[in-house]
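First chain A sits with chain B, and in the next complex the same chain sits with chain C.
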Partner chain A sequence: MITRELELYHGPQHLGMVGNFSITLSVEGDTIVEAKANPGYLHRGFEKLMEYRSWTQNLTLPCRINVVEPDSMEMIYMMGVESLARIEVPERAQYIRTIVLELSRLASHLFGAWAYANMLGFDTVAQWAMAYRDFVLDLFEELTGGRVYHIYMCPGGVRRDLPDGFEEKVMNFIKTLADHVPDFDAALFENKLFYKRAKGIGQISRQEAIELGATGQVLRATGMAYDIRKVEPYAAYDKVKFEVPTREDGDAYSRLWVIHDEMIQSAHIIMQCIENLPKGKVYERTPNPFKWKIPKGETYVRIESSRGELGAYVVSNGGKNPYRIFFRTPSFTHGIPILEKLLKGANISDVGNIMISLYVVPPEIDR
Partner chain B sequence: MKSNTEKKSALRPAKSIKYLFKKPLTFRFPFETRDAAPRYRGFHLNDWEKCTGCGNCADICPTQAITMVEIKDLPVETGKKAERPQIDYGRCCYCGLCVDICPPGALRLSRDYLHIDHGTESFVYLPKDEKLDKEHFVTKDKYSIFQANLGHRRANYEGFVSELDFALFEPERTPMDIEPSEVRINSFIEEVKGYTAEKAKEESERCLECKLCEDICPAHMKISDYINYIYEDKLENSVKEIYTDNPLPGVCGRVCTHKCETVCSLGKRGEPVAIRWLKRYAVDNVDVKHIEDIVRVFASSKKQHHIAIVGSGPSGLSAAYYLSLMGYKITIYEAKPMAGGIMRYGIPKYRLPHEALDKDIKIIQDMGVEIKTNTTVGKDISFEEIKNTADAVFIGTGFMKGRSTRIPGIDSEGCYQALPLLEKISSGEDFWLGKEIVVIGGGNVAFDISRSLARVQKKKYGEVKITLTCLEKRDEMLADEEEIIEGQEEGITVKPGRGPKEVLFDNNHKVKGLRTVKCVKIFDEEGKFNPTYDESDVEDYSGEMIVEAIGQAPDYSYLGEEIMKKLEIVRGKIITDEYGRTPLPWLFAGGDIVHGPDVIHAIADGHRAAQAIDTYLMNEK
Partner chain C sequence: MNEELAKEIIDNFSNTGVSYTSKYRMYIQTPKEELFRLLEYLKDNGFNYLVMITCVDWIDENEFELVYQVGNFNTPLRIIIQVRIPRNDPTYKSIIPIFKNATDYEREIHELFGIVFEGNPRLIPLFLDNWQRFHPFKKDFDSREYVKNTFDSIPTLEEYK
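After this line comes the complex of A and B, so read on.
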């Protein structure tokens, strides 16, 4: 019998690969017969490290799991701790957290747009996206003191109040970004080349998406308006109005359009939060970090990150350190079962296209 | 929502050509630079003057980037450790938790973030700030990005700094219930009510365990350990920790001079941990039998030697307790009818109720200590006799004799010393009480007698008329701040900065008041006590009773001339080594007669002398 299949390593050193991730492909000609995701290149053991640090020390760690959108990781840890320790967060802090999370979603989606445009060769759009993301980082620098890892939220609120004039700066940024949207649309979203390259790529049906545990824009691109901000509101999401954008086709093109529309919704949320920002405390003091013990218990909390459902399962056995923390990251379901499914039968030249359109961030897989 | 089927064009991207003619958003680094945000978390700055070396930054650091290093040529300051944080920038994650935990607010982050160097060892850095390090911190115009390094930094370029509202510690103390002045003036009932279990837990939670307090405490009590046990509701363990260094915790928990709280790192910007009251809480809430069971684990087998102790004050009781645990036979000789010395006869009951003192003494007695009360050494029994019956002698006779101002008329009827009066009040004896009283002195004893007399006056005459006058200015007064405030609340008029001149008499030669002049300076250039007065500024205070409370002196007459000759006595204090050894090998001393008036010092002296006596007797065999 003649073997017609060839085993091919796609990544971790590969131009069409973002992050330290690899896929082992079995190809027959240009067609992929089977794909096996091969993570582990970025394993830093955060979940284990957190078991050896106190509840307070740990607030510096979860953000490192997702470089692109650290704030949702921070938020999920704080929510877990707050739910176990029964800490009430002041209302102003909830609004500030919402602003931070939405700014972070914007930064993350712009980063995603960069990755996708860059991969398809739309370099101008990619540079624009990167430049606007940098404006968000400037805002974060102003607010938190850090550009990439903000370490801004803490159990009981946030670590500092908004600096003077911050609201105005955020509004200015949103205005600048909004002014630029027509150019973005002209150069990428309404570009025929983009349509040709993305349409029908990595298509998944709603049924399959649900079965494989897809969330976020992967699910919403199949027409299902499922968003945890609506289903189980956290922070101040129950106090703002926004829509959940969807598309019907379930392909890369639909997913990009969902991201596009979500950014507009994010901007609306931020504007509403700034308008209705309540006055008052932003931090409820937690016990002494050297003595703080959280009562025995376990909890699962979840939020809508820019990629989908992000959850944390936090267990305390009554000690100074967490007994176990597990993060349910959207990239895991999108990057392993769904990616493997979508790659089967795809063309070898579409591997990067599919993977990036699923918006996989490998550090979220290797925790 | 828009549909996916709208018109697409390959020509529309051409619109973006217009960006070719726009100003770029990027800038040409390093020729153009931008300042980091005002809150930027860059390299550390440390104010060495404020830094106490407490090491909380090193403890909180999640990446173990901070090490406390010993600085050899650092001037030694009380309440500070000669250590400063050193940062390994190979590990630092710039989270700023060290800034938020820093109690004095010394550690900050600057807006500098560039470090260019060829050696990896240069990443380990001992942060200072521009106040101390003028060489490496340069002004903005002298700063060059090409030299950017941990050793070339911009001055006045603070970023993420500590804010008390966001600190990781609680700067405010859990409030203690204190009887209001209208209520407490009517009786001698203890004014500080003590913490409830809930409040004690809340207060004990504040302790950061930096142990600055343990270094300063004369007895080096394991403060952070016993506070931690209180936090964990393990009062038995807490009491055990307390008794290893202090057999009079009920007393110390009330009237200790709490040097620990003075140096507490939380007190730098907030209120110190209420160490004294936490100790009181632990000891008050474990009963005598339990405490005895706990401390008996320290007891060792009985020994033959017999040790005599003169005076049952804090030092004597402390020495007796530790020696009896070591197995020695102890006899304490006490002149007064009850044991306790100055604690019983000098400290008023509203500060130290006798029940608390009796509890502490009972535990010491139950350890096998014999206390012979009503036995004045030198009168009922000679010192020689004691020396002959015992293998070693410890003296802790304290300062029981009042000093006098020696102003004209002070020896007449109507003028009193504070200590004998306090003793009378304490034992409930009757005495003549003036309707108007002048107290001379500004220390704690002056306030003790004023506030005690105020209570007696209130009961007898229904009103308080007491004037307290002292040489020191208000902010220099030696008494504890809370004593001054509480005394004033109780109706005592405080006249600081006045020197007594003479006692005034009426036509019948009865005392009618005190003439004072303004005190300009208390100490002369050489630092000796030599007050200078402004004689033109005269004030008279009326009072038919004048009480002197300007300090106490020892009385060594019981020792006999021969022994006195062999001892070295400087300004009333016996010179000993740190273990209380005198030039006579069998004689040990401690307490006020060695260190001056202070309960915790006396307890520490007693403990150390016990160790020295043990060593002496072991070697003598």
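After this line comes the complex of A and C, so read on.
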């Protein structure tokens, strides 16, 4: 039998592909010889667009960079503006931001669990995860008026206070989700089929992960307890207690377990924030948006999004518009160098498995 | 540790300035000849993680500013290195021999700003397809003007009839 190399286009129109992204694979039989990531299907040039708009007009743009988890993108832009303009955020707003960010992390992880379970054929678990994500979206709708894009944060705090009875609804949701965790565990995480399908897939060592620029659960799955919420706390993360879950093996199985444990920690953080929610105002007044100029300078701010280190490098030349904004998104390194590395030598049927376990979101790569 | 590191950098590298904006951010301005030695020095001192590379187009000063950021997993300190290169001769050396994951950041800057990184084997299009005319993130590219010129000329539905 003669084996020869074939070029195979995986995505953007492919059942095993999540989002608008494509990979060009060179295959020999079923084995991938070489993989080349091909992003750009969602390149909208947000960084350039933001240079044309004032600091206040830009509030509505960054959340659109990441569809799955818009609140982290909002938060990073607000932190950049606050850091350059030296605005202090009231304590109550910090707590509310923490609640919103953690709810958003839950929604994002549930979405990830849906994608992974769906790809493996665990349709029931996938539907459960999607249904619970919908409950989070309901909460967001009540809080902000929007289900997907919230635009709830503003420089100096959040737009408005929590509605009456919102805390109770969040607690109810967390209780319902917590009651359901054993079902998730039995059906997916402790399932032998999941173990067989995910164990050893897309394995990366800690050294390689650092060399290729991994952050977030890709790094934590290799045994490194690195979490920006602990290392350089922002919002109210220095006032809550939580653990940084890790696993040792660096494969898809470990990454999924890290995500599982992180959801439980998120729930703990939300409960602590609601219990200790301080009273007071929720935003600091900012100047007239038409005349607002931000002092000259540059800053780099970073947060732990549900995928890893999300950063923004913001440059102001003292004008009404940002001079340059660069978003350092975790999917950029996970989706291009690490994905290409892990696909080399893998089986064609594992492409989706590896990509979803790395938690790559294509709009975040393209920006 | 930060003060010692800052002092050593000023002592060992010529024309290099160090400043802080906050306790966890160190900014280093260095001439373009010193960058490689500086990155290697920082890598030996535990800053073994390349966080990002980006570019700022300072059109009034006729210069591109390349921004490299390195991190260390044992300290929250981040070091941001700013290097200026002339705008009319946008070539620079690739840092792939020091940090492997620089490939795609340099590829992005090559595409959006037109800077050529010598030694990068993969300066192929990243986001933009069939786009050889100009580099869209440069300040002298007006995207509104471009949209107007490109898309206003498309006939409307009425004109088709």
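Quick notes on this one:
Here is the rule we use: the second predicted complex is superposed on the first by the 364 of 367 C-alpha atoms of A that agree within 3 Å, B and C clash if a C-alpha of one lies under 4 Å from a C-alpha of the other, contacts with A are read in each partner's own complex, and residues count from 1 in each chain.
The rule is short, and it goes like this: a contact is a pair of C-beta atoms (placed from the backbone, for glycine too) under 8 Å apart; a residue touches a chain by one contact, two chains touch by 3 or more.
Not measured: the values here are computed from a predicted model.
When the two structures are aligned on the shared chain, A:Pro39 is found in touch with chain C, with no touch to chain B. Legend: residue contacts after superposition of the two complexes on their common chain; A:Ile151 is shown touching chain B, with no touch to chain C. Contact with chain B, but none with chain C, is seen for A:Arg160 once the two complexes are overlaid on the shared chain. Between chain B and chain C, more residues of chain A are touched by B. The residues of chain A lying in touch with chain C in their complex are 39-40, 43, 45, 47-49, 52, 83, 210-213, 224, 226, 231-232, 297-300, 302, 309, 311, 313, 315, 323-324, 326, 328, 332-333, 336-337, 366.
Those residues of chain B that touch chain A in the complex are listed here as 1-2, 4, 6-10, 12-13, 15-16, 19, 25-26, 36-41, 59-63, 93-97, 100-101, 109, 159-160, 163, 165-166, 168-170, 205-209, 228, 231. Looking at the complex, you find that chain C touches chain A at residues 21-22, 24-25, 27, 48-52, 54, 56-57, 67, 69, 73, 76, 78, 80, 99-101, 103-104, 125-129, 136-137, 143-144. Within the complex, the chain A residues that touch chain B are 53, 56-61, 124, 131, 134, 138, 141-146, 149, 151, 159-160, 163, 183, 186-188, 190-195, 199, 245-249, 253-254, 257, 261, 283, 285-291.
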